[in-house]
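Below, chain A partners chain B and then partners chain C, in two separate complexes.
Our next item is the complex of A and B:
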């Protein structure tokens, strides 16, 4: 474990990724509480000493909006990531370990939901929920539509472990299936599952911004997300009127979080998978 | 059956599987919009009506449109007469004059007639007749919906009474013209870059790889917005919105075609570049993996030309990437649809956005169904391509048959 960390720290991608990620996490967690929002100004005021990033179409302080949006986007991303990883890992583990008919059924179920675009499912459900779409609802929806990816990759890994000697030994010693799965298979896949989790968080944040962009994102007081900020800016013609501060900060923040997560994932892949190491 | 022709058998198996998946997708497309709340209720709540009769009529029409009602062979609503006995109790106050033992009307000290009041309860029974449309069961609704879809009937838009299939037919060519080349060329370009990065490593890899990683972290629509801002607004080199100049009348004139090409560039690149970034990353890992294999080492020892080795490498690493394309095509199409919205490109994305903003459920359902169908078709095509191209899959197919 220690050696692994030492290897990771030598990777510039890992260092840059974790610094970026920690910064966004801290800003999202504490920013909305620490930053004192400026009083409402005029519509689309350009960035100045008072409004560091200008104001939006309602004259609200963009810094405060971005911090709140970042917090909410991270919440949706993590929540969706946790749901998708848990569901996907469980299904993948059981299918891969059990094999046979259980695997066939779970696998068919997984493949079914991989080919049916999750974007479509998100649009259909959100459109039927015109009122009170909370952040949590969006997160749960995303989590429940993106798990097949996790299930698929975890299943492949679990299946490759099935025939290992230590599994047979555990079985001879009378371990139950659950014990074998959680004690003897999951630990081997822990690093892998963690990497999958990172990717699921990234895709959760991206999905949320995508669904918000088409006006089906979270609605209600205080549920601004980065996607909602971008959608509002677009709907109030911030791009075509040249109010760059309406789109660039939010766009950069989304890109930075996702980039940080991709960097983390890729640097870990390099360490865990010796072949990719130079 | 078809044991002698494993490929044919495989194609048939896949076809059946995708058909079943299509049925599941159809059911989802039918049930999901009814999950949160009844779309008809939502639409009714948004409009006001001059009289209860008109309101009832509109609601019935909407429910009929949604396939929520039982219809007879002439497609008219089956009505059920509900007879019920309504009991009204009316309490009347009856005033009686007070009569004494002698039969005289009692007068008070001022000479007025004394009156005593009592309550009399009258029970009125009458029959109430209501004529209601018969609601269809969920299952028969679904069967009905599937039947309509297979006849190509996707319903009628609530907003402009146009057929949904007509709206889609107008939008679809734009989407195909934009997305098919962008996804295809993005895939080829990205994979070429990825293979090169894997093969060269060194400085080349150190520049391309992080760049590709950064590109793939940008959502399609964010990149689209950035392109619109710089190229469409600040520098004003390319048009920011639309698929052609609105001053021109659509037709086969040179001006019109040039205008389409001019409007095509920004949306194309915003999909193409982001997609290429993602593909390059995947191809790089695959390429590095393949580089460690014996056949590449052998090819190098033989002293084959570098370009030759690269071709072998590309061919082998490409197949898993092809599978990857099939699996992620749904996400790509979703992202590309949002790009259309940024550019107000008159394709399916825009049609869906307009429908979402006006709660036009038949159009939303029609578009989502079309997206799902095309993603399923794309997956099916890739599955077959892989079976035909990949010797490994081919061999396992003939092994299965034996």
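Our next item is the complex of A and C:
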């Protein structure tokens, strides 16, 4: 474990990725509580010493909005990531371990979900929910539409472990199927599942931004997300009138989180996969 | 005499895949194995000997024919594993890398119907380790990747000494260890037979090893048993062409091994 960390720290990708990601996490967690937002100013005031990133169409301080948006986007990303990873991993593990008819059925189910474009489902469900779309609802929807890729890759890995001798030994030791799955297969896939989880968080944040951008994101008091900021700016002619501070900071923050997560994922692959180890 | 039959196979076959890719791993095999016998199943790679071993162990069910253990078909595999246990080929792949050896040896008792008390389990694990000449303190807190191949193979045997099954299916236990350890493992197998009266099915590709340990030898080739008999008969007067080939392939120090 210690060696693993030592290897990770040598990796520049990991260092940059984790520093970026920790910064965003800390900013998202504590920023909204620590930052004292400026009183409302004029509409679309340009960045200045008082308003570091200017104000929006209602004269609200953009820094405060961004911190709150970051917090909510991370919440949606993590929630969606947890749901997608859990559902996908469980389905993949059972299918891959059981094989035969159970595997066929679960695989068919997974393929069915892969074939249906998840973004369209997301749009349709969100659109049919005109009121009270909370952050949690959006997160659950994203989680429930993005699990199939996890299921597929975990299934392949679990199936390759099924024929191993230590599984046969566990069986003649009298282990139950559940014990085999959680004690003898899951630990072997843990690093893999963790990497999948990171990717799911990144794609959760992106999906949320995308759906909010087209105006189907969370609505209601305090549910400003990074995508919602972009959407509000777009709706209030920030793009056409050249109020760049309405668009760029939010877009950069989204890019930064996702970039950091991709870096983390890539650097971990270099450590977990012995063939890529230096 | 009939009561003493442990395994009885009548025309069993086992297939894998389907359609054009159908592969027959075990083809119409019949045999009986008596109580207390050491039977070696000898054959080259891919001849179906490991599949046959897995059928005896109850991990696979034959697709055709009847396979009986003590006169009854294997219905409840847990019951079966109470009495029939196995040592596998790859000592490194056999243990879960995430748990210590001792924990896994203790886990093995989970299969026993009359599970001994915690104290007795500890004691039996210690005894089993001593039976394979390993000091219990040497492996205390150790994980599988910290041991050598020979030690790991002995751990697998320790598992058998601890569980004391009636039948042992040893699926190529010697193919991945060096010559010294190989001799050791054969000694332990003989010890198991002598002290516990265990019936042993020894699967190997090495007819030389089979000759030393077995009461009877089955020669397998292309999914069929091509010859059976006592070790002396099989090695001195081989009937099948395949047996002759296996015998010719035994390394011999005084003979020119690779023809130039």
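Everything that follows uses one rule, which is that the second predicted complex is superposed on the first by the 275 of 278 C-alpha atoms of A that agree within 3 Å, B and C clash if a C-alpha of one lies under 4 Å from a C-alpha of the other, contacts with A are read in each partner's own complex, and residues count from 1 in each chain.
Definition applied: a contact is a pair of C-beta atoms (placed from the backbone, for glycine too) under 8 Å apart; a residue touches a chain by one contact, two chains touch by 3 or more.
The structure presented is a predicted model; accordingly, all values stated were derived computationally and were not measured.
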*chain B or chain C: which reaches more residues on chain A?*
B
*Applying the touch criterion given at the start, work out whether A:20 contacts chain B, chain C, both or neither, answering first, second, both or neither.*
neither
*Touch check for A:38: first (chain B), second (chain C), both, or neither?*
neither
*Kindly classify A:187 by the partners it touches after superposition: chain B alone (first), chain C alone (second), both, or neither?*
second
*When the two structures are overlaid on chain A, which partner does A:124 contact: first (chain B), second (chain C), both, or neither?*
first
*A:166 contacts which: chain B (first), chain C (second), both, neither?*
second
_Contacts for A:262 in the overlay, against chain B (first) and chain C (second): which applies, first, second, both or neither?_
first
*Please indicate which partner A:115 is in contact with in the superposed arrangement: first for chain B, second for chain C, both, or neither.*
first
*Look at A:87 in the shared chain and tell me whether it touches chain B only, chain C only, both, or neither; answer first, second, both or neither.*
neither
*Where on chain B is chain A touching in the complex?*
18, 21, 24-25, 28-29, 32-37, 39, 42, 201, 210, 213-214, 216-219, 221-222, 225-226, 228-229, 232-234, 240-241, 281, 285, 288-289, 292, 327, 330-331, 333-335, 337-338, 341-342, 352-353, 356-357, 359, 361, 364-365, 368, 371-372, 375-376, 379
*In the complex formed with chain C, which residues of chain A make contact?*
164-166, 168-175, 183-184, 187-188
_Residues of chain A that touch chain B when the two form their complex_ = 13, 112, 114-121, 123-125, 127-130, 202, 206, 209-210, 213-216, 230, 234, 239-240, 242, 244, 247-248, 251, 254-255, 258-259, 261-263, 266, 269, 275-276, 278
*asked:* Could you list, by residue number, the parts of chain C that touch chain A in their complex?
replied: 57, 59, 77-78, 81, 85-86, 88-90, 93-99, 104, 107-108, 110-112
